[in-house]
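Beneath this line is the structure, given in structure tokens, with notes to follow.
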Amino acid sequence: MQTHLKKRIELIIEMPLLRRVTERFNAAGVSGYSVLPVIAGRGQSGTWSADGQVSDAGQMAAVICIVDEAKLDAVLDVVFAVVSKQIGLVTVADVAVVRPERF
Amino acid sequence: MTLTELAAQNLVSPMVLFFIVGLSAAFAKSDLTVPEAVAKLLSLYLLMSIGFRGGAEVAHHGLSAPLLETVAAGIALSFAMPLVAFAILRRITRLSGVDAAAVAAHYGSISAVTLAAVTGALNQLKIPYEGYMIAVAAAMETPAIVTALNLARPYRDTTDGAGKDRAFWGEVLLNGSVVTLLGAFAVGAITGERGYTLVKPFFVELFAGFLCLFLLDMGLVAGRGLLQGRKNLSAALAVFAVVMPLIGASAGAGLAILIGLSAGGTAVLMTLAASASYIAVPAALRLALPEANPAIPLTLSLGVTFPFNLLIGIPLYISIADRIAKVAH
Amino acid sequence: MTLTELAAQNLVSPMVLFFIVGLSAAFAKSDLTVPEAVAKLLSLYLLMSIGFRGGAEVAHHGLSAPLLETVAAGIALSFAMPLVAFAILRRITRLSGVDAAAVAAHYGSISAVTLAAVTGALNQLKIPYEGYMIAVAAAMETPAIVTALNLARPYRDTTDGAGKDRAFWGEVLLNGSVVTLLGAFAVGAITGERGYTLVKPFFVELFAGFLCLFLLDMGLVAGRGLLQGRKNLSAALAVFAVVMPLIGASAGAGLAILIGLSAGGTAVLMTLAASASYIAVPAALRLALPEANPAIPLTLSLGVTFPFNLLIGIPLYISIADRIAKVAH
Amino acid sequence: MTLTELAAQNLVSPMVLFFIVGLSAAFAKSDLTVPEAVAKLLSLYLLMSIGFRGGAEVAHHGLSAPLLETVAAGIALSFAMPLVAFAILRRITRLSGVDAAAVAAHYGSISAVTLAAVTGALNQLKIPYEGYMIAVAAAMETPAIVTALNLARPYRDTTDGAGKDRAFWGEVLLNGSVVTLLGAFAVGAITGERGYTLVKPFFVELFAGFLCLFLLDMGLVAGRGLLQGRKNLSAALAVFAVVMPLIGASAGAGLAILIGLSAGGTAVLMTLAASASYIAVPAALRLALPEANPAIPLTLSLGVTFPFNLLIGIPLYISIADRIAKVAH
Amino acid sequence: MQTHLKKRIELIIEMPLLRRVTERFNAAGVSGYSVLPVIAGRGQSGTWSADGQVSDAGQMAAVICIVDEAKLDAVLDVVFAVVSKQIGLVTVADVAVVRPERF
Amino acid sequence: MQTHLKKRIELIIEMPLLRRVTERFNAAGVSGYSVLPVIAGRGQSGTWSADGQVSDAGQMAAVICIVDEAKLDAVLDVVFAVVSKQIGLVTVADVAVVRPERF
């Protein structure tokens, strides 16, 4: 099957930030994104777990966004504008897709 | 009832005991957990139940004391307490200006589960309280954030964060717990006697049981928070986390006397002032004051102040409120 | 009771008010949410409770009217209503054949939470209904899908999708809500008086409270669905989403008269016919009619028809059913 | 009541019927599921309810029979039963030494939901049982693991796994279900009459209803487990999974006679001995005996022994316990 | 540590489709797969969230499947036979594994 | 935006093992990790689903850990010391990050 190269951005960001980040994705022209739950973790700011929590503060979510390389920098700019002061991380990986026109 | 009797009775109430079970399980490193979705259900239930019963009480008894003055008093407390908290923190601890402001915001606002606990205790003691205290609680959630952001401003090397953002203040004012409390309050007030009878088996009779479950969870979360957050906890901070509720409760008591609240209403206002937010404020500050270390206020509010209020504060506040009311009438 | 009285009473029932709280919270962009697992628990509880009580009623009173005829009437309605819906949609809207068929499937089938709401209202008014109406509801879930797939066929450029697949029809017939309703109905019918007494505090007395929680959630989901789905909603479609329930209810009333159902049973059959699926049919159509846009029927059924039935339809149907029964007897 | 009457009544109890609904839905490949968070809530509720009521019973009636001896008997059973199970398994099945030891550990320990079911049945029949049987149950969870790890040792080509690890034994002893049971037991015992009255509507009156929900879920999980695990299930293993509970129940009956337990207490001890763990032991063995195939003990315990105990075992044990008590007194 | 190259297929597919896709994975000879929940997202067909939902229709799940390159095309064929008309996406990435014999 | 190469370790491990693995991550010097829920799967040891389960035994979790290449082998050693006998899998992929100093 013929495949085409795209970029897979994976954010791990604070829950309270989620709405802001995804809203700005639009502006940056991504075709979509998906949010996955994260249930526990550790980082410089300590260890946390979702168990028994009522509050979303202190919790993280993973956001996956497949984008065309041409849009990568624009999306990363948007992301960093929001998340630079916050807890979390951003990684980018190469992926192949089959239907390139949709990204 | 004397204070000692009240305290003894509080300590053997199933709610407090389940909190201690949770706390002990966390300290003993048991793997007992309550799923996040369940914790959210319990919190939703408690908010709906408190709100609904407050509204139903207003529908039944009407406004037995000045509503507007009490709401104003609550808002004033929420605006003012962060100033006191900030001054104390800057004097007795080494917290940075930003972190001190963040902690101050938590102590100016209120904790819904502490509200649930005091209403539970009052129900148990059959001490009535003004139903609109629920609306007062909702009004006290947010003002503290305004004060704290102003307190933090001189210490920030940036104006980043959502504090100046309109959408932010909308989110804060309409956060889930405020909406649930006020919504259920309105439902209770509108629906009247017939509605009350209909949902009583759920929202009234099960309250104590649901509170047991939630306090077990709170014990687990508070205990684990303390284990995690130990390193953020100096002696001075621990002292603050016990003294600040007492200051808040005193201020609440003073205002309650001025307004002429009932014994129950006084106890609720004292408890609200004494309690520290651990849901609404933390989330708001992650947006508006991201450079503050979120672990510090959370360790204090959940790990020290909440257990203190539950085990010692609430019976103390009720007993004082009872005396105040006896003197007043 | 007059229709106006009934409507007024309905509008101040705590269930309806909690729905309005949820709707308002969604419109105001509050972050209030109910976890998915909790929503599923609430739905499970309501289905088990309705089913069980239906079965227990049959165990207690026996079959007070012809069961088989009523089931047949329900199945006939479910088969036939999509034809009407499709004809209207093709005439007054610009929906493609496939999308019109998809919407038609939703309106032929039924909504379990609307069923819960009508039984809640009947309980509140102490109007009894035939217990086996629960079995009728279960029987009405699926036939509409068959009709709709046939309606869509000429408009499809493919025969793809699971519609011709045996496993698919197994899944559809045994979807979770049908199994829970019928299973609980069987349990109620078999276990009799002693079983009923045992689980009454849970399945009967808490029903109104659980319904409040679920309707709060439904308000949130419907409100957010409307905000999201606005762009799918033309005036013609909105008209359809209000007129179609009235057509369904009328057809249901006609059949109820023919069969001779009680006032309560008539109200239930009218409501079933008037309600539109938002759980079972959407899932089935994603498999069998994947090229249909799922947002259109969902916006209509959840965002327009459900609130319409809850706020206006149910009291209307009950009041009409009441008159029909009075004329008949 | 005769055994036949008892069995008949058991089979039409709503709990057992909901279990059968779940089992049937799984076999029919319905997509009905209960979310994981909900299953955990139900389990938490049942453990808290059983524990609390056990404690409250002790607070009310005091220790009506020798507590320490009964706990010792329970611990002895848990230590010893794996030896019997292992011997049988090695004789009549082809399980490897490690897998036989793993299965033996499950049957030496206990199942909390089976305990919930027997207390539910006793409540329904109004047969009282010693409240501290709850503490006995907690004490029986762990010892079987010690025996089983020793049994497995000669068959392991490694000493890997957490079995020699201090932290491991801490985790096992303080696993969530033990902590909840014992914690709630302590709360019930300390809080006394006033606490009991307060939480009775939740922890006592709703018990049967919650058990219905949980058994529906257990039916689904057991049914799906059986479909998945069929290939692990030889005739010999299936025989073991029915015979071993009977052996356990007999041993439990013998010890109950020696100690002089009441009819209810005897039925509980028999049921505990007859039940096989499906929560605590599986998790512990994944750490301590990772090379054992986890599907084998789970298929047996959840797919065969649990349904056997629920449908046949519990009425049998109660009826035998009843005769024993009548002979003894 | 010596590592070996494999392919990581990641699907984001509609929940109602899940059973069909995973059942066909078997036939294509994969050694296994894992399903992760997705709680919210946006795409051409709009924005959605799992919150408060009773129905699985309209919700997505992520399926991760590590396969040998030799089996990649067979698996993608199977996947596309099911998901072509549906909402969702398929990406493929390179990953290294330590125990190659199990895939 | 300038990016730097790191490694993304993804474990799919048994829930009862989770605490042990993450505790050892510390010793190996990782800067953090994130745990994502897995709700269903299939492998050599059969098919499983989290639905309706009270017990964590038999369930899996995904652990994501972004590390510097220099630490990769140390982390993998730690992981394998714990998971070698267990059910589950370990994959490693290349990712780019923007703030390299934090890993």
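Residue numbering begins at 1 within each chain, and the chains themselves are lettered A, B, C, D, E and F in the order written.
Assume a residue touches a chain if its C-beta (ideal position, glycine included) is under 8 Å from a C-beta of that chain, and two chains touch if they have at least 3 such contacts.
Computed from a predicted structure; not experimentally measured.
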>> With a step meaning a move to a chain it touches, how many steps does the shortest path from chain A to chain C take?
In response: 2
>> If I superpose chain C onto chain D using their CA atoms, what angle of rotation comes out, to the nearest 5 degrees?
In response: 120
>> Let me spell it out: compute each chain's centre from its C-alpha atoms, then which one is farthest from chain F's centre?
In response: C
>> Need the most distant chain from chain A, centre defined as the mean of C-alpha atoms.
In response: D
>> Taking the mean of the CA coordinates per chain, how far is chain D from chain E in Å?
In response: 38
> What whole-number Å value describes the gap between the mean CA coordinates of chain A and chain E?
Replying inline: 19
> Roughly how far is chain C from chain F, going centre to centre by Cα mean, in whole Å?
Replying inline: 45
> Roughly how far is chain D from chain F, going centre to centre by Cα mean, in whole Å?
Replying inline: 34
> Among the residues of chain C, which are close enough to touch at least two other chains?
Replying inline: 31, 33-38, 40-41, 201, 206
> Got the chain A residues that touch at least 2 other chains?
Replying inline: 36-37, 39, 93-94
> Tell me, which pairs of chains are in touch?
Replying inline: A-B, A-E, A-F, B-C, B-D, C-D, C-E, D-F, E-F
>> Which stretch or stretches of chain A touch chain E in the complex?
In response: 1, 3, 6, 8, 22, 25-26, 31-37, 61, 64, 66, 93-99, 102
> Can you name the residues of chain F that touch chain E in the complex?
Replying inline: 10, 12, 36-44, 60, 62, 73, 76-77, 80, 89-94
>> List the residues on chain A that touch chain B in their complex, please.
In response: 14-17, 20, 39, 45-58, 85-86
> So in the complex, which bits of chain B are touching chain D?
Replying inline: 9, 12-14, 17-18, 21-22, 24-25, 28-38, 41, 124, 201, 205-206, 208-210, 212-213, 216
> Hey, which residues of chain B end up touching chain A in the complex?
Replying inline: 33-36, 39-40, 42-43, 158, 160-162, 217, 220-221, 224, 228-229, 278-280, 282-287, 290-291, 293-295, 298
